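Got a structure here, written out as structure tokens. Questions coming.
The first chain written gets the first letter, and so on, giving A, B, C and D; residue counts start at 1 in each chain.
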């Protein structure tokens, strides 16, 4: 049907998108905590073809995380309570970043802390670092409390943390939002006003599951974060709420397993997507998704991905 | 293994539970909107064996609901945007209740309104009505707005509506909570203080899905409520949050498909469960669940269901 | 209370490709499975599977009752995930079935001319109707039924072997690869004047675009037309209110009725099908 | 970078019940599937299915490479939903496979006495190890390997035909229906004094209770013991950090390591398995 060679075909599609001052070659990124530090997936994925690699959440000091069991499968989803086990930002730079620098792909550092100052310090360390292209701030860690509510659930706290990190870095700043809130658009507006260059959503939905034979929670931590296809409709709804509220780019995350799923988010208005749990099921999921998006664009004669983004037609309806 | 006859076996298990002044023969109820007015399921289910039938949401006047398409399947779940189509409380009493009165099973009227006064009036009409054993107040209707947030998402509004209905009726009053909030325990505490005899949770989680070929939402209403197994971990987590916060009984709802699922909720502390989407998949789901709970009790030598309720052992852990 | 309905486990006897995008599944059921009326449907799921969650509605294509079992035939098009998974099932695999459901076709008294208008797999309930109710129609009260059958191309025309001899067959294809070159409703339009409204009835089933053009064609024509309508379904039992379609109710007021309970067969002049389900289909496709 | 790993589609050649709760699956894979080392595992899913979501880790039970394909054997116990669905798959059905994964057993130099301690399907990686590395052990450097194999009862003792002649077999059952009456670790305890710690190594795999009692038994015994540990897994690649187990790290500090990457084979004296996975099992069961 298509007389053009494979090479021509690909060149016809423009998939580049911008997040703040950063330009990504395509909108397919990995989600933090689901792609390790990139090297775990190098045998399966051509890292050079990714829009960006978002690495596992980094804290100031190494963290050992929660006791096992840490994961449990649920219908079309999984719960995790890893508890942000990581080697710490300095070790990451020393031992993991050199590998990623070999690739021509943006590296986004996902960061978190237990206090505002910890966040600030992690950002400070990353700021001067070669090979870090942006920072994604995880303000939805369920272990970080502030007046009983995590940073991400309170607009003021979310804004404060954003301001502190903003003052520390010129890197594009993405704030990652939690879905466990009444009005996610309000949080998005608050971090936008505080200087975020983009928001990404959603992080996991808090969930729980019980072993009825032993009458104990399946996870040692009792509750965990729900991810995977089960939460996709929730994530998509929240993306839709947020794209209509803020002006900064929105990165869609949640249960994206296929190109079709990714396209739902892009059409709804997400500028890019992050692929999480799908990597566990099919290690090359990101590549399949990227190829599928291109095929869709060819089939629908869409030259630039930006024409597709936000092209959802809701007619006259749509009271959320 | 068990030398007793089937009849003896059943009598050995005490499944009765109390919700306010109402005693139910077992904790297996149907969820509003998923069991019609009971008669739709009479060919499949011995209604006499149910703990209670919760009927489709009733409003003061008949409502025609949202335009189709109203439903869409999602991974291990479904979205619905029925829009509370119903025949109105008076027609329900005249045309549907007589059928239900023939059964020896509690009938719980699920009600909603667009204003506090509408809720109050529906409760008033039901109050004197023979064959109505309790009222479940749906304060999580996404079409009912108050300052941009539905009644169920704001503790004060939830409490106000509860107080008004409480003043109208002595029937056991169950307030049904929405999961689309930051802190469901806070709402539960507010309605408890305002006079609710019980809380039931969760209603559907707002979600969305998009037809990428036509770049339009799958539902005419754009967003819909997510139900089914996909949301079970979320529902269970919220039940756990609420049972630790309030003293009134908690009724667990959300993605319960099997006895094992129901037992997760009971063990976590739910006094009863409502079965929703499962009825669509297996019309006799409630019966299978009831039988399965009994089998479990026999296997674990539990004589009274109340011994099981809230018996979850979380050890020393459990920071939600 | 409705006729007694049941959820039963059926065992697949055969599951065979009959066109590039269509399969026929033969299911063995307990003999207690109620005899379906033409136009009724069943809700079908793979047994013992959590996903896809919902059953899929499929019209009864054929049914035979034996002493110790019943045989149900389904004709289905690969429309999406659910039907594609159906097509991968093998003999011996189990399906969970609820049915028969809904209100089938009504046969008016004293008619002599029966027209069937089918697009794609819309042929399924109409063939069952023809075989079940009109096998002897010609001899008894009038003219041979006329069956208008459309598809995108000749390879998608299914069920011809069942129709042979039972009716006058009028085939239409979008690409002209067999029969009339064009939509089935276009051919009907050119012939409609030849039918006497007083003794004619039309039974139709097909994709929404076909139903919509049939509606336009018969708008000012008094020939009665019963049409089987499709909507997404969750329960199939009238409980979820998910499957509604708008109809012109008493006093021409628009109201929503359930396809699964008040339908799936409606009076074409009353029903206002949603154009949002299955819009990919050409008029002839289903 | 690790050894090159691949996700491949395999076609089931055989999927056969070998005990009341155990199945053996034989999968045909492309010849490029890397040769697994004993103790390595694969992540297995039904291909083209959305649910269950996660792949299940299963040890390599047997592997043969041919010119144009490879044959992988898996031995699995019906533990829950995932494995029950595996057991329903038929020849010709497809599985998606990632592997081989993890760090297998290490064969120390100059040993003359090899003990295998297996509970239930824990026998799988040990049989592969025995066949792959110790077929000639007896003749080359010492005594015949001794294989302690436990199960709840005689009907659950699997793999005997593969062990015959390759080792001294010591069977144990919880109910005494064959061999020693009691847990496998109890029999070992009564015989442990007979083995010279300097020339002996133990390879073990079985349910957590067995591992825990083995740990108690060998606490003050210098015989080295490598044990294959189980934890729930999501990725199998070291990325999700879901599968951790506590080990006594340098300076006896407790730290969490990944079973999928740093394991599944650990030094018994260092690993602190979680008692919360698979606690239903008796010691002999897996």
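Criterion: a residue touches a chain if its C-beta (ideal position, glycine included) is under 8 Å from a C-beta of that chain, and two chains touch if they have at least 3 such contacts.
As the structure is a computational prediction, the values presented were derived from the model and not from experiment.
Steps from chain A to chain B, taking the shortest chain of touch contacts, total 1. Of all chains, the one whose mean C-alpha position sits at the greatest distance from that of chain A is C.
With centres defined as mean CA coordinates, chain D is found 46 Å away from chain B. The geometric centre of chain B is 36 Å away from that of chain C, both derived from CA atoms. With centres defined as mean CA coordinates, chain D is found 54 Å away from chain C. For chain B, residues that reach two or more other chains under the stated contact definition are 67, 75-77, 214, 216, 220, 228-229. Contact with two or more other chains is made by residues 50-52 of chain C.
In terms of which chains touch, the assembly is arranged so that all chains touch all other chains. Against chain C, the residues of chain D that register as touching in their complex are 48-52, 88, 90.
Across the complex, chain A meets chain D through its residues 33-36, 39-44, 56, 64-65, 67-73, 75-78, 80, 82, 85, 213-214, 216, 220, 228-229, 257, 277, 279-284.
Contact residues of chain A toward chain B in the complex are 67, 74-77, 79, 142-143, 149, 153, 180-183, 205-210, 212, 214-217, 220-223, 226, 228-234, 236-237, 240, 255, 260, 263-264, 267-268, 296, 311-315, 317-320. Within the complex, the chain D residues that touch chain B are 50-51.
On the side of chain C, the complex with chain B involves touching residues 1-2, 4-7, 45, 50-55, 82, 96, 98, 231-246, 255-256, 274, 276-277, 279-280.
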